[in-house]
Structures are given as C-alpha cells and as structure tokens.
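In the two complexes that follow, chain A is the common piece, with chain B as its partner first and chain C second.
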Partner chain A sequence: MLAELINPYYLQVGCFILINIILGISVYITLSTGQLSLANAGFMGIGAYTSALLTIHFDLPIIIGIIIGALVAALCGVLIGIPTLRLQGVYLAIVTLGFGEVIRVIFVNWETLTNGSVGISGIPHIGREILKTLQGFGFQPMSIGLQNNQFIFLSIFILLLLITIFVIWFFRRQHQSRVGRAFAAIKLDEKAAESMGINITYYKVLAFAQGALVAGFAGAMYAHILAYISPADFAYHRAVEILIFVVFGGSEVIWGPIFGAFFLTLMPEVLRFISEYRYMIYGLIIIIMMAVRPQGLIDVPLLKALSKKGRKRGQKHGTGNHKSM
Partner chain B sequence: MVLEITKVCKNFGGLSALTDVTFSINEGEIFGLIGPNGAGKTTMFNLITSMFTPTSGQITFKDEDITTMKSHHITEKGICRTFQNIRLFPEMSALENVMVGQHSRTRSGVLKSVFRTVSQKKEEAKIKDIAEELLDFVGLSTFSDLTSDNLAYGQQRRLEIARALASEPKVLLLDEPAAGMNETETSDLFDLIKKIQQKGITVLIIEHDMPLVMKLCDRIAVLNFGKKIAEGTPLEIQNHPEVIEAYLGKEEEDQYA
Partner chain C sequence: MLIEQLINGLTLGSIYAIVALGFTLVFGVLGIINMAHGEIFMFGAFIGVMITSTLNAPLWVAFLGAIIITAIMGYLLERFALRPLRHKQGVSHLAPLISTIGVSILLENLSHHLFGAGNHPFRTSFAEISFQIGSITIYLVQIVIFVISIVLMLVLTFWLGKTRAGKALRATAENLETASLLGVDTKKTILMTVIIASAMGGIAGILVGMAFNSVTPQMGLSMGLKGLAIIILGGMGSVRGAMLGGLILGLAETFIVVYGDSGYRDAIAFLAIIIILLIRPQGLFGQKIST
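Up next, the complex of A and B:
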C-alpha cells in the first residue's frame, strides 16, 4: 500500500521545492540587512562544483563534500561581501549579478577542471549512497515494502525535509535575538544602527556569508541529487528565479520566500501547459508585484491579521486570553 | 574633563564647516552648544561620534584619543547620540528600538542566539528589563508595543533618548531635542534631562530654544560660521556682545535698515 503512494516523480518535485525553499531563504538572509544579492546562483554553483569535484576526484564521502562546498561558498561570500560594503540597492544588485556571471564563465572556460559547458556527470548520488550504506547493514527496502528506486527518493526527500526544517528553525531563532535585531536595525537605518554601537561591517559581511553558505549548501545538495551539473544550471536565469521566490513571497518574514519557492516550483508542475511560458510569467509577476505589493505576498501585517483571526476563533471556544487583546 | 575637543577643523571640499574649535566638558554637567543655523553644531556631533573624521585636531574622551575610532567603538566607550531629524527604526516596536540600544553592552553571537544557551536567555531577559525600565523612565511604558512610526512626534523624540540611554552612555549628545515641541512637552523634556543628569550622565545638548538652554545648561559654547565665539555660563553668554551680534546683528545696521 505504501508502495503505491510513494511515486518517485512526486518525491523529486518535492525535493526541488525544498531546495528552492533553501535558496529562497539564502536571499532572505542577506536581504534582512538590506543587501540585495543576486550572486546566490553563483554561490550555489560554487557549492555544487566544489562538492562534485571533491567527491569524484578525491573519493571523499558526500557529506564531507557538501560541507566543504558550503564553506567554500561562504568564503567567497566574505570575499565579495567586504568590497561591496559601501554599495547599496541597485548598485549592489548589479555587482553581485556580475559576480554570478563571472563564476559561470569560469565554469565554462576552465575545461580541464570543470569539463566546460558539457558539465560534470557521474556525481555520486546521495540517495544511492544512503541505500548502499544501509544495505551494508543488511537492510533491504523490500522489507518495508518499497522498491530500491522508491526508497532512494524517499530517503533524499526526508533528509532534505529535515535539513529545511533545521534551516528555518535556525534563522527564525536568529531573527528573534540580538543578532536579528542588529540585522533589522541595519536594514532600517544604517547610520542610526552604527551610532547605537552595532558593528555594521561585521553584521553585513556575516549576513552575506550566511546567505552564501546556505546557497552553497543547496547547490551541493542539488549536485548530489541530480548527479549531473553544468554551468547553465547556475546562470542568470537561476539568479532571477531565486529572486522571484523572494519578490513574490515577500522578503520581510522568512515565510515569504518559503511560500514563494513552494508555490512557484509547484505551479509549473501542476499546470504542465504553462510550464513553457514560465519565464514570461515570472516577468509578469515582477511587474505586477512591484506595482501592487512591493513587499511581497506575505508581510508582517498579514501574519498579524492571520494570528489575530486564529486568536478570535480561539476565544469563541472560550480559550481566549483577554489580556492579549 | 570627560570630553575634550582640541583645535578641531573640518573642511568639506573648499568649505570649512569648523575652524579651530576648542572646548571641554566636565563630568556631570549639562553643556549647551548653540549658534545660528549652519554654524556647524551638528557637524561637531558627527565628528565626536566619528560619523566624519576631522580634517585636523583632536577629540579625547577620558584622556583617550577617539578622533579616528569607529562609530560603534565610540558608543561602546560610552558616548551616544540622538539625531536632529529623528532616526528611529520605523518598523520596530518602541520596546525593540530601545532593546537595540543595548547592543554594545551585550555579547551573544549567532550560535548562542540560535541555541539559546542559559547565558543568552539571561542576557535577553536583562535586555528586556532594561528596555522596559527606560521606556518607563521617559514616560512611554504604555506604548511599548506600538511601532515607532505610529508614535507622536514628541514621543518619538523621547524614544530616541531612551534608545540612546540603553547604550549606558557616560556622555549623551542630544541634537535639538526640543525642536517642534510645544510648551508642556518642552517643560517635560527639561525635567527629563535634569533626571538624566542626576543619573550621573554628562549631557551635551544642541538646542535653539533659548529659554530652555539658559535654564538647563551649566555652561554654554557658541558657534558662528564654524568658529567658537564665546564660552561660559548662561549669564555670561547672554551678555556677550559677539553672541548678541551673531543672533541679532549689529545695532548700526539696524538703524540703516
């Protein structure tokens, strides 16, 4: 029975949704200090290539590859974060967009290492590795009524789900703390934040590095799930796609990019016939959102209104708390 | 001598905003900095808090040279300011605004914040207590949940003072705190600044409201066109011929006009 429910195709779509959610969060983190970075597709590529090359050429375990990939991306984040500290708004966006292109061109032209625009294939597959390891302990997917294929995708999905939940948990907690307040203060008024004793250099570079780390991590996961990467995966249209998650969903609260990534990844799958017009629709979404709701669908007032509604409903059943009103 | 300004000059391109300004502030006093518009008062504040670096001259705080120190280090040393054009964090609640002020007095980094260690929880509780206390101190405790852009103008000015106090300063710089306030608000502000002085905090204030300045300050320095033209007690300043000239013009000119 379980076997019929678990369709590898659905699971694969689920995996892409989760990876896109992580990517959306990576833009949100950098943006929470007011810095718009379009380099996250580039960081994703750095994570993917680093991890893929390390696991292929040096036979490193996938987990080590992913960690190093994410760290290398974070390091690049620091390297680009420091010289761009003085840039704001659209200037920063352009520089980071340029950086992403530089990364892609390096992937294309450094053929001895990256195999050029052909890309790298035969990257160790994370699901198969999990299965192999478990089989080493004498576990067979058949014993829980699953075929190997189903088990592979299920294990990846569960792994990604746990990681995504951890990432959300991590950055929500960070947001509600001294660090989160410093981020928000810098976003709202940099000069005032500085004269309140906040080291803006440190926090801005920190946000950049965190964004790059998360994007690099997502890239490394991507490489080990698809088992094939090419420079085109991390090109301009990927940068725009990630940006759209945030523009559409909202950038004020972490639920914005999560919703944006979820909705915009699922939509072309559900509505197959519009998938061809995907980029046209993205363009339209940007224009409409900028005109009507520049802060994105989900913002603080909306969340407040929703939670108030929930509370009212609670009160009707006699569990409400009058003081909180 | 808690704060010493020695021969400070600041040029913006060819324009000299401040020329050879020297004055010093004693611990615990309220020191006024006055002068006509464009005299360089706010520039002085920006130099003290290192938002600009002086072209020449030296600023020392408790015998330590802070001339080229970074802004956030200066806050950490114990100098904090408010702004002439209010610069609160608009989308944050009043309480959160004040909590940000505690930043330089607290330590929790990313990992401690995320994993909520015991010391972090204690620190967070302390931050909140101090912030609530300060809101109460400036008379805004009933507005703690309101976002700062929803507060009335006078309340925003008070909130900015509370936020600056949260950094536990030894010297507080107030840039025109009474601007745009009515008489009752101004007299409340007078009481508030006196209360701040009683806490042992030295206050340096820029203000155009002369009755308030004369009533409030222990000593006053007067700037005009980037130069210090007078320094002394309120009484001395009121009768200083150059000050009268700077504010009212010369008598002969009046006759021709």
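Up next, the complex of A and C:
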C-alpha cells in the first residue's frame, strides 16, 4: 500500500519544490530590507560547486560539504554585500546580476577545477549515502516494504521537508524579533531607520549574508540530489526564476515566496502538454502580476482577512485560539 | 594586426554604444532599466535576417522593416508593461524592472518558437565588400557601423538639446509633474522615448547581424546585460557616457581576446562595473547622485 503510493517521480518533484522554496526564501530575506539581489543564483552555484568539489576530491562527508558550501556562499555574500551597500535599487540589482554572470564565467573557464561548461558529474548522492549508513546499522528498506530506490527518494524528501520547516520557522521567528523589525524599518525608510539608531550597515550586510547562506545551502543540496551540476544551472535564468517565485507569491510575507515556489514548480509538471510554452506563460504572468497586483498574490491584508475568517470559524467551533500570522 | 584589431574593437564598441543609447534614453526619462531592450534588439536582427534572406529584399528594406517592427514593440512595451505601473500608489520602484524582465522572458521564448533555437546566418553581398590598405583589410560594413553610430549620437544630442520635442523630453526627465504642469504632454513624450529607444535597438540588431553574420535568440540576453554594464560605466542617462562606455568595452573585449584569455571576455563588462561602482558610483559621465 505504502510502496505503491511512494513514486520516485513525485518525490523528485517534491524535492525540487522544497529546494525552490528555500531559494525563494533566500531572495525574500534580502528583499525584506528593500534590497533586490539577483546574485542568489550565483551564491547557489558557489554552494553547489564548493560542496561537490570537497566531497569528490577530499572525500568529506556530505553534511560537512554542504555546511562548508553554505558558509563559503555566506562569506561571498558578506564580501559582495559590504561594497554594494552604497548602491540602491536598480544599481544594486544590476551589480548583483553582474556578479552572478562573473561567477558563471569563472565556472565555465576554470576548467581544471570545474570541468568547464561540461559540468561535474558523479557527485555523492545524499539519498544513497543515507541508505548506505542505515544499511551499516543492519536496516533494510524491504523491512518497511520499500524498494531501495523508493527509500532513497523518500529519505531525501523527508530530510528536505524537515530542513524547509526549520528554515521557515527560523525566519518567521526572526521576522518578529529585533532583527526583523530593523529589516522592516530599513525597507520603509533608510534615513528614518538610521536616525532611530538602527545600524543600517550591519543589518543590510546581515540580510545579504543570510540570503547568500540560504541560497548556498540550497545549491549544495541541489548538487547532492541531482549528482550533476553545470554552470548553466546557476546562470541568469535561474536568478530570474527565483525572483519570479518571490514576485508571484508576494515579497511582503514569508508565505509569498513559499506559495510562489510551490505553485510555479508544480505548474509545469501538471501542465505537461503546454510545457513548451512554459516560459512564455512565465513572462506573461510577471507582466500581468506587476500591472494588477505588484505586491504579489499573498500580502498582509490577504493574510489578515484569512486569519479573521479562520478566527470566526474557530469561535464557532469553540476552539478560539487561532494564532495570528 | 594592431590596427585591424583596433578597427574590430571600434566596430564592436559602436554597436555596444547604440544598444546602450537605447537603455540610457529610457533610463534618463523614466528612471527605468528596460530589461527587454536586449530582446527587442534581437528581434530587430531576426527581422533583418527574414527580410534579406527569406524575402530577398534589399538591405534598406530590412532596415526599414526592423525599425518599424521594433518601434511597434516599443509601443506595446510602454502601453502594456510600463504605463499600468505609473501613477499607481504603493508600487515598489522595482516593479517596472521586474515587469520588463517579464517582457524579456516572453520575447526570448517567442523568438524560439518563431525562428527556432539555431543560428541564422545573415547573408548580404554588402557584408563581403572590403578594402585593402597596405596589409590591413577593412570591411565596408565596419565603416558603415561606425558612421551610423556616430550619426545617431550626434542626431540624438542635437535633438535632445535643440528641438522642442527634445526639450520636452528633458523637462519630463527632470520632473514629470512640473513638466506636465507646464504643458508638456508627458504621456506622449514617454511613449515617444520608448519607441525611439526600441527602434535604435532594432538598428543595432541589423548591424550586429551584418558584422558577425550570425543571429540567435540568445544574443538578446548577452547584449542586454552588456548594454546595462555600459550605461553604468558611462553614467546613467548620459548620451556621451553611453557612447564612450560602449567604445571602451568594445576595445577592451577585442584586446583581451587577442592578448589574453578569450574565455573571460564576457566577464570584463561586469568586472568593470563592479570596480566603477566602487570608485565612482555615478559613472564616468554621470551626474552626482544626490539621494
């Protein structure tokens, strides 16, 4: 019963949805200080390449590779974040876009290390490693009625789900904390925020580094799930795709990018018959969204309306302790 | 050898300059980075290919066709992607940027469907005419490209500085509301600016097709990104800066291919802007940003 339900294909799509959610959140974090970063595809690439190369050449465990990959991406985020702080709006967007391009060109040209545009294959697969470890303890997937293949994808999916929930939890907490309020103040009015005693430089670099860390982490996971990466995976189109998740879903609340990534990753899979036109539809969606609802589908008033409805229903059923968003 | 490379660099630079002029016009008036400009440029090139190779029409028809089609695209862009966002309350200043990214994605994939993903050669007998001066070979196309870009810049400078329409445009760029109060039809001015900028993209598209004898749907993206780099290098909204920035980038790219590693050619533009933004954020010719 369980074995028939668990289809590796669905799990794979689920994994991509989760990775895209994490990527969407990475853009949301930087955007919550009013900075638009298009470098997150580059940070993702840095995380992916670092982790892949470390695990292949130095036989490091995957988990250490992923952590180092995310940290290196965060370090690059700080290095890029500090000088670009003096730039605003479109200038920042273009410089981060340029940074992403420079990263891609380096990946393509540093052939001795990155294998050029061919890409790196044979990256240790995270699911297989989990299976191997568990088998070492004498566990067999057959004992819970699963094929090896099913178990591999199921374990990745569950792992990613836990991580995604943790990331969402962490940034929701942060949003309600001192840091989150500082971010919001900077987004509304930088000068006013500064005169209120908020250290703008610190918080902007923090947001930038957090975005880079999360993106680098997502990239490292991506490398160990697909077992193959190439520079084209982290180029301009990826940067725009991540941006679209946030724009479509809404950049005001964390649920926006989550919904955007979920919907837009699932849509092409469901609408296979028009997948040829997928990107044209993407383009149209963006234009229409900007004209009709520039803040994205999910915004604060919508959430308030939803939670009010939920509260009413809650009172009817007598529970009454509905948490507000 | 050196002189030949210098000429190649100037040709490439002139094309970059024309593309950058399109960017800088729109930015100067609207304060918007038009991310779809590269794709409009690419459409101009394709229309040139279609008219000269499929219809076997002469080159001037191709120029006319490309200008008309890209001007119409400019109209549609302004009407459906930019105008709805203007005067809207609470719209982030990034909204038009994202909207034009949407247009660029739409156009790039539309061109995949219309023209196919492959490379289209641009066959005109005109592109083969060349002169020998001593040991140097100069193609007529190169001279034409250089002349066209210089003429375009001069006409643009004159038009912006001396004519009524140009003055209206500068007034709109200075302050939309004030210009509107003083009787400038800002709606018309903005529309005209986007149309002119797009038509210039179309001209640049045909010139690139002739110079490199190849047109692909991907060329819009790389040219668009370089155009962006150039207007940052030269200073946002500065006509002279766009021209000079384009020439600098064209020469730098040509010489790194000859004397350095050709693989890093595409990274120069961005390394240059990262450096320029750190040293002189307003660009080589830009006004000091007061905000």
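Basically, the second predicted complex is superposed on the first by the 314 of 325 C-alpha atoms of A that agree within 3 Å, B and C clash if a C-alpha of one lies under 4 Å from a C-alpha of the other, contacts with A are read in each partner's own complex, and residues count from 1 in each chain.
Definition applied: contacts are C-beta pairs under 8 Å (C-beta built on N, C-alpha and C of every residue); 3 or more make two chains touch, one makes a residue touch a chain.
A quick note: this is a predicted structure, and the numbers were derived from the prediction, not measured.
S.K.: Quick one: classify A:R272 as touching chain B (first), chain C (second), both or neither.
M.R.: Neither partner.
S.K.: Between chain B (first) and chain C (second), which, if any, makes contact with A:H57: first, second, both or neither?
M.R.: Neither: A:H57 stays clear of chain B and chain C.
S.K.: Is it chain B or chain C that touches the larger share of residues in chain A?
M.R.: Between chain B and chain C, C touches the greater number of residues in chain A.
S.K.: Give one of first, second, both or neither to describe whether A:V300 is in contact with chain B, with chain C, with both, or with none.
M.R.: The answer is first: A:V300 touches chain B but not chain C.
S.K.: Going by the contact rule set out at the top, does A:M196 touch chain B (first), chain C (second), both, or neither?
M.R.: In the superposition, A:M196 contacts chain B only.
S.K.: Report for A:M280: first if it touches chain B alone, second if chain C alone, otherwise both or neither.
M.R.: second
S.K.: Report for A:P83: first if it touches chain B alone, second if chain C alone, otherwise both or neither.
M.R.: After superposing on A, A:P83 lies in contact with chain C but is clear of chain B.
S.K.: Where does A:I106 make contact in the superposed view: on chain B (first), on chain C (second), on both, or on neither?
M.R.: After superposition on chain A, A:I106 lies in contact with chain C alone.
S.K.: Please name which positions on chain B make contact with chain A in the complex.
M.R.: Per the stated touch rule, the residues are 49, 51, 70-72, 75-76, 80-81, 83, 87-92, 96, 99-101, 103-106, 108-110, 113-116, 120, 123-124, 127, 163-164, 167.
S.K.: Show which residues of chain A lie in contact with chain B when the two form their complex.
M.R.: For this pair, the touching residues of chain A are 170, 173-174, 177-182, 184-185, 188-189, 191-200, 206, 300.
S.K.: Could you pull out which chain A residues touch chain C in their complex?
M.R.: Against chain C, chain A makes touches at 36, 83-84, 86-91, 93-95, 97-99, 101-102, 105-106, 108-109, 236, 240, 243, 247, 276-277, 279-280, 282-287, 289-292, 294-295.
S.K.: Help me check something: in the complex, which residues belonging to chain C touch chain A?
M.R.: For chain C paired with chain A, touching residues are 33, 80-81, 84-85, 88, 90-99, 101-110, 113, 221, 225, 228-229, 232, 261, 263-264, 266-267, 269-271, 273-274, 277-278, 281, 291.
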